[in-house]
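Common to both upcoming complexes is chain A, partnered first by chain B, then by chain C.
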Partner chain A sequence: MKTTKLKKKTGSVRLWWIIISAYILLKCLINPQPVVSIGNSGLRLGLFNFSNDISDPINNDILTIQPLWKVSAYKTHLGKDSTLPPLKWDSLGNFHLMGTDHLGRDVFAGFICGLEIAVLIGLFVAVFTCLVSLILGVIGAYFERFPLHISRPEKVLWIIFAFISPLMLGWSILGAMTFIGWIWYLILFVGLVLIFRKVFRTKNRILPIDTFNRRFQEFFQPLPDLVILLVVLAIFDKISFIGLILILIILRLPAGAWFLQGRAQQIVHLPHIDQVSTMGVSVWRIMGLHIMPLLKSYSVVFMSLTASRAILSESALSFLGIGPTGEWMSWGSMIRLGLNNMNMWWVALFPIIGLVGLSLLFRFWYKD
Partner chain B sequence: MATNQELLNIRDLRIAFRTDDRVNPVLRGVDFSIPAGEIVGLVGESGSGKSVTGLSLCGLLPEKITNISGSVEFTPENHPIQLVGLPEKEFRPLRGSKISMIFQEPMSSLNPVLTCGYQVDEMIRLHLRYNKKQAKANTLELFAQVGLPNPERIYNSYPHQISGGQIQRVMIAMAISCHPKLLIADEPTTALDVTIQKKILELLVDIRDKFGISILFISHDLGVIKDITSRVNVMYRGVIVESGETKSVLDNPEHLYTRGLIACKPPLYYRPRRLPVVSDFVDIVANGDYFDFKPTKKDGVEENETSEKTSGRHPILSVQNLVVKYPVAKNFWGSPTSWLRAVDGISFTLHKGETLGIVGESGCGKSTLGRTLVHLEKPDTGTALLDGKDLFRQRESEWRRNARNIQIIFQDPYSSLNPKMKIGQAIMEPMMVHGLYQNKALRKEKMLSLLDQVGLLPEHADRYPHEFSGGQRQRICIARALGLDPRILICDESVAALDVSVQSQVLNLLKDLQTQLGLSLIFITHDMSVVNFIADRVAVMYKGKIVETGLTEDIIHHPKEAYTRDLITAIPKWA
Partner chain C sequence: MSSKILKFSIRISNELFGLVFRVLVVVMVVYFLAGIISDRVDIDDYPASEDKIESNLPMFYFSVLPSWYDHRLELTSRGPVKKQGIAFLKQGIDYSSWLSFQRDVEQLASMEGYREVNRWRYIRDTSQIKAEVSQLINNAITKEEVKETCLNIEKSLKVTDNGIFRWMPTFHWWGTGNAFHKDFSTFFSGTGKWYQLKSAMALSFILSFFAYLFSIAGGTGLALMYMQLKPGMKRFWMIVFNFVYVFPIFCLAVLAVQFFTSDYYIPFLNIFPGPARFLLLPSTSFWGVLTQQSGYFILPAFLIALPLSCGIAMHWIAGMEEDRKKPYVLTLQSKGLTGRRIYFRHILRNVSLPMIVYFSMLLPALMSGVLLIENVFAIGGVGRLSWQSVRNEDFIMLLVITAIVATINSLMNSFGKWLLIRVDPRTKSNPV
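Showing the complex of A and B:
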């Protein structure tokens, strides 16, 4: 029993190593810029730098390692043979596996760039959404099983807080409330809660943390992703890579917390949680050591669904031409280009295949 | 066939379940027969294959993963039908109309969104081709026959609206609705209280007499088997080790395993110092497919008639007027309008080193009482004084610190351990939280000694809970509780989910530990014979109140209250 388990674990770890090393090898072979260069400007790893900065090697570099096959998604090559179908050589003698677009940029290199962006967005959004919603969900579930008893005046205080805070938020958006104001507001509230706890000892009311969580999730879950993204883009007319990831996390958070809180509520009612609670184990320990590890499989399922969805959202934005483009080549913008010029079918086809393939791959992720 | 008498004839039935890498044999050649119009018992411990036998007779085993061989001849009319290998299409008309089955869990065997009446009607309309009106009349008649009060009301109620005993009656009505020849009852009374169990058993005998149905009664409880069956087959790991007339088998068991099984059951009318376990009688050596049963030297029961303990009479815990209530109905604003008083004004005192048994039927509030003492439920009023300090008037940080004084062991050993935690870690965790030992090495040392104390091996510490059997897990739970050096140990139905032989081992262990460590035990159970073995004093609970309390012998032999008397007489007579 034990040995089979160990075997399985090493198997999956080995798989990850194979994937990572294969990727690095691929990048050493095919890269728009020198893989490594050491010179006046220090050590530069072109391997993990997928920006459009394709500087030629500086002459006095001590060491440069060129990739075997230098293709660039950004370098234009204008001429008679600028628009090439797949599997063709151009006049400079460069081979284009997936052809080039009308500016002579290599589609295969763009495909690889888009893959990197897509995987990064997918993983970041999935992992961070899952972490935050795991914390929210477990807290909600725990306080559903073991409610927090408070006194009646304190409950009134919480209700007032719950009603005033959104008003304050609106106020601060209008500019009437500053950051310092928020800090004073929170200090006042926490101070009042602490004083109330000391003064009022009969605790016969319940602080409904779980219900509050649930209502919050139910309210924000049905908001459509793309519409919110468009609104945000209308407010800030440009969006950065990090900003996009943040918005996607916030958009997926209510669904994640909703899903994981539901699962956690099943676990919280198992006898082993009761058993641990009667042994005087602290709240945080119960949440972190006895509830969260049991949510692992559900988290993986949730992450796989979130990742593919995030990739699709990002591509949709790029497709509309309002994504975080300009800096990187992304699949969405390539599809847009290809669909606008249908004579270059290859420019759209390969990113579409990649998009479908990657989102399916992420969805089947949880199978192992 | 040789005789018309035999309704069912099983010869050399072998069943194995295939997994990915191997084949697990479950039945290794089972032979027995069921004569027409008789109740035949099949008794064994969990995992012995008795339920699989029952399911195979109904053709309900998953076909894809089952290897089945042997012969099962079923003779409902003149010619016998071979059930092994019968295609599903031909099996379906037999099921329900010729063979029917009753399962253990009454609550989950009826569809919760359909009325009871509708579900019985459906059977009748399907098999007997009655129209709606005839079917309803037939159902109501059946409900009256199985002794349901007010059949019209039951007909229109949903399963959750009626009690467990009533649901089991509906199930029986459903099973006999199409006049089957064979009824397979798979632990039909295990989930029920003793008083209800008694009535259901009477009903089954009654049905046999009235309709001439043969019943295969599968159970782990020898008392029940003795009450209603005429023949019995004792099963152990897929083989029938002994079979014959019930009376002769149980009075003069020939096989050593049967002898051990009978001796394991805690007796009701005398009080042994230790319970014998199966291994006192036989060394069961598994080699390949066969089991050697070798007699050991010890053969018999150490008897000790009297309750020996005269405890020091130091009260350790005194509970006064404890009330726990739950809101049943709420008004629009969320304030409760009516309450269910699960524990209704209970007072008792627990002395140092004694065992207090709390007995009652399901729903009497005995579990709530135990859970309240460990802060899993919030009491409404009342006090529980431990060392002069009220348990219920402590601040949260305070009770977490004092939690080690009272420990509880739950009923279900399968879910009371964190499945993702190695058991060594699980035992050490509470010690670490309470800072009982300075460093990890000391804690580990203590953990290993605890494992040894409850009869587990040091290498078990690195395993996960799913690698252990039910009895072993219960031992782990005990070790874990003892790691905190508790002064009071509450056992909430701790042996109810275990087999008789394992149950006796755990009970012996608890008794030994109590004498070694001077623990005070609160033993919550529904089983009078267990209480008789382990408890010094007994409190009988009924509807949230203690109706009678006193020394164990007094309660068992001279019960004063009518309720206690009912409870004791309802236990299947044994020995």
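Showing the complex of A and C:
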């Protein structure tokens, strides 16, 4: 039994390394610019070059490592043979594995671009959502089992904090509040809490930490992800790639926190938690060392589902032509191209296969 | 009896009030942030003339901002100039002196040989600007008029208020003259937007109604079919369900449009009306479309329903497989009932309890499907309208759509809970 368990554990970790190394290998094989170049402007890596603006290569580089196949997804070729079906050579002598679109752009290079975007979005969103929702869920479950007793003035302080924090968030979006401002604000709040705990000894109130995740979930539940994304993208008219990832993380957080809190509630009632807490182990140690490791399998399940969902959300957005990836060569925008040019089945079919394949990969990963 | 009705009505009104309140809070928060963040004021001439404040500002009924923040900063579009304005005001410089600073710098930059002074408009550190200005003043070669403008610049960089109280949040009530009020009051009063939304809702309602019906019926049918199969076939169909469930709706739609609505590839498969037909619908009223053109909605509704019905089928199957091992099934089998009868009459009923909740929570997924499918088939429904309003930056339309979708979803959830209690009264005290 033990050996099979060990195998499973290492398998999930190994998969990450396989994904990362496969990504780097892919970039070494096919890339629009040198993989590594060292020159006067310093070291430049050609690993994350999926956006539209690929800078021209500098000639006076000391060292360059060229990819095996240098092909760009954005380079157009207009002429009589601009639109080619798969496995064809054009008049310039270039081979097109998946054909070209109506502007003569290589579909295979676009496919690789879309793969990069999808994998990056999926992995980033999955990992960060899982980490944050794990912390939120464990905190919620722990403080439901062992409620935190506080004094009445401290509760008032928390309520004030809950009202002012969104305001501060608005200020920071506006530019009125900076990072240093946030640090001052948090120092002030933590200091006040510590002072209140020293001064007011009668603790007859409970801090409702466990209901936070439920409220958070209730707030987001009635709206579909896509509608929220549309509203957010309409508010911030130009959003960066990292901004999109952040929004996707925030969208998936409530569901994750609620799901993992439900699972953690079962673990919190196990006898070893009682023993540990009576031994006087600190709260954070119990959460980190005695509850979180038991949630590993659930978080892997959640992570894989989140990854596939994030990829689908992103491709839906780029299919509508909204968001940062709408103008890039992502799978969604390629499928839109296929819809607009119905006589070119190859433009839409390969991205569709990629999208479904990646979603299935993530789905069966957790099933295994 | 009357007290029961009274209690019931109080409960319903309480729930509705809570719902409306929640939706309002969402809308208010979104609009409050939107009003602050968005660049709704596009002014080419700089500095912006102050009479535009009345026509464009403020954005919302109220604002809570630090007292140093001047609302006229919103007249400047986002960028380094606005960042400088915020930085200057934060340091205690007046808004009007910042404006005069900008004017003076522009004047100086227009003089011959001083073009590089233009970068002062973007520098946020006042001490750096002051040092450069004093360097210019002390220089013997500089002309008198340049020195004059430099002195003016030095004057406008003076800090007027440096107290800690300028960081206190101040509340402003702007009354009904704000942009949100103007937009919102004109939305429902006879403008085209309200009629546009009404016809869009009719089309979307028909589409989502068909899709909902197809997905529930299809999912249940697939699950019942699955339970009659042999183990080998079950494995195959499970893979098929998983495959279709992860298939994105818009991919499915693109393939269907290519193969089933045109005779480019396979002529005899061209059986459904294509995307262009929806632009030529003779009427967009609810009954007109439902009675005359409902055939057009079959393919889009089927496409929305296909992945959803696979999800439903997998949920049904999970419940049925669990229930199949219970002793009552053994009893029924020993009494001589056929397998089909056991599934249709007994297991289906027992498993249906959690499925009612699942059906009521299906609407968000259905709505995102509708949004995408409407854009593929060019159906002028709510999804297409929200896409257009994102493109045109029409916040009010987007917010009204958001509020309507949230309300319908919440109502459906409440309805599901209510139905569950009707079906099984035990769940009243112990919800599923």
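We adopt the following convention: the second predicted complex is superposed on the first by the 258 of 368 C-alpha atoms of A that agree within 3 Å, B and C clash if a C-alpha of one lies under 4 Å from a C-alpha of the other, contacts with A are read in each partner's own complex, and residues count from 1 in each chain.
Rule of thumb we're sticking to: contacts are C-beta pairs under 8 Å (C-beta built on N, C-alpha and C of every residue); 3 or more make two chains touch, one makes a residue touch a chain.
In this text, all values refer to a predicted model and were calculated from it rather than measured experimentally.
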item: Combined model on chain A where chain B meets chain C, clash or fit; value: fit
item: Residue contacts with chain A in the superposition, chain B compared against chain C; value: C
item: Which of chain B and chain C A:Ser359 touches, first, second, both or neither; value: second
item: Three-chain overlay, vertex chain A: chain B-chain C angle, C-alpha, nearest 10 degrees; value: 110
item: Touching partner for A:Leu223 - first (chain B), second (chain C), both, neither; value: second
item: First, second, both or neither for A:Leu68, with chain B first and chain C second; value: neither
item: Chain B versus chain C as contact partner of A:Asn343, first or second or both or neither; value: second
item: Touching partner for A:Leu43 - first (chain B), second (chain C), both, neither; value: neither
item: Contacts of A:Ala234 with chain B and chain C, given as first, second, both or neither; value: second
item: Contacts of A:Leu312 with chain B and chain C, given as first, second, both or neither; value: second
item: Nearest-approach distance, in Å, of chain C Cα atoms to those of chain B in the combined model; value: 6
item: Doubly contacted chain A residues - partners chain C and chain B; value: none
item: Partner chain B, residues of chain A touching it in the complex; value: 1-2, 149, 270-272, 274-282, 285, 289-290, 293-294, 296
item: Sites on chain A touched by chain C in the complex; value: 166-167, 170-171, 173-176, 218-219, 221-227, 230-231, 233-237, 308, 312, 315-316, 319-320, 322, 332, 335, 338-339, 342-343, 345, 348-349, 352, 355-356, 359-360, 363-364
item: For the chain B and chain A complex, residues of the former touching the latter; value: 371, 374-376, 378, 399-404, 406-408, 410-412, 415-421, 429-430, 433-434, 463, 467, 477, 480-481, 484
item: Chain C to chain A touching residues, read off their complex; value: 22, 26, 29-30, 32-34, 36-39, 64-66, 69, 82-83, 86, 90, 169, 242-243, 246-248, 250-251, 254-255, 257-258, 262, 264-265, 364-365, 367-368, 371-372, 375-376, 386-387, 389-391, 393, 395, 398-399, 401-402, 405-407, 409-410, 413
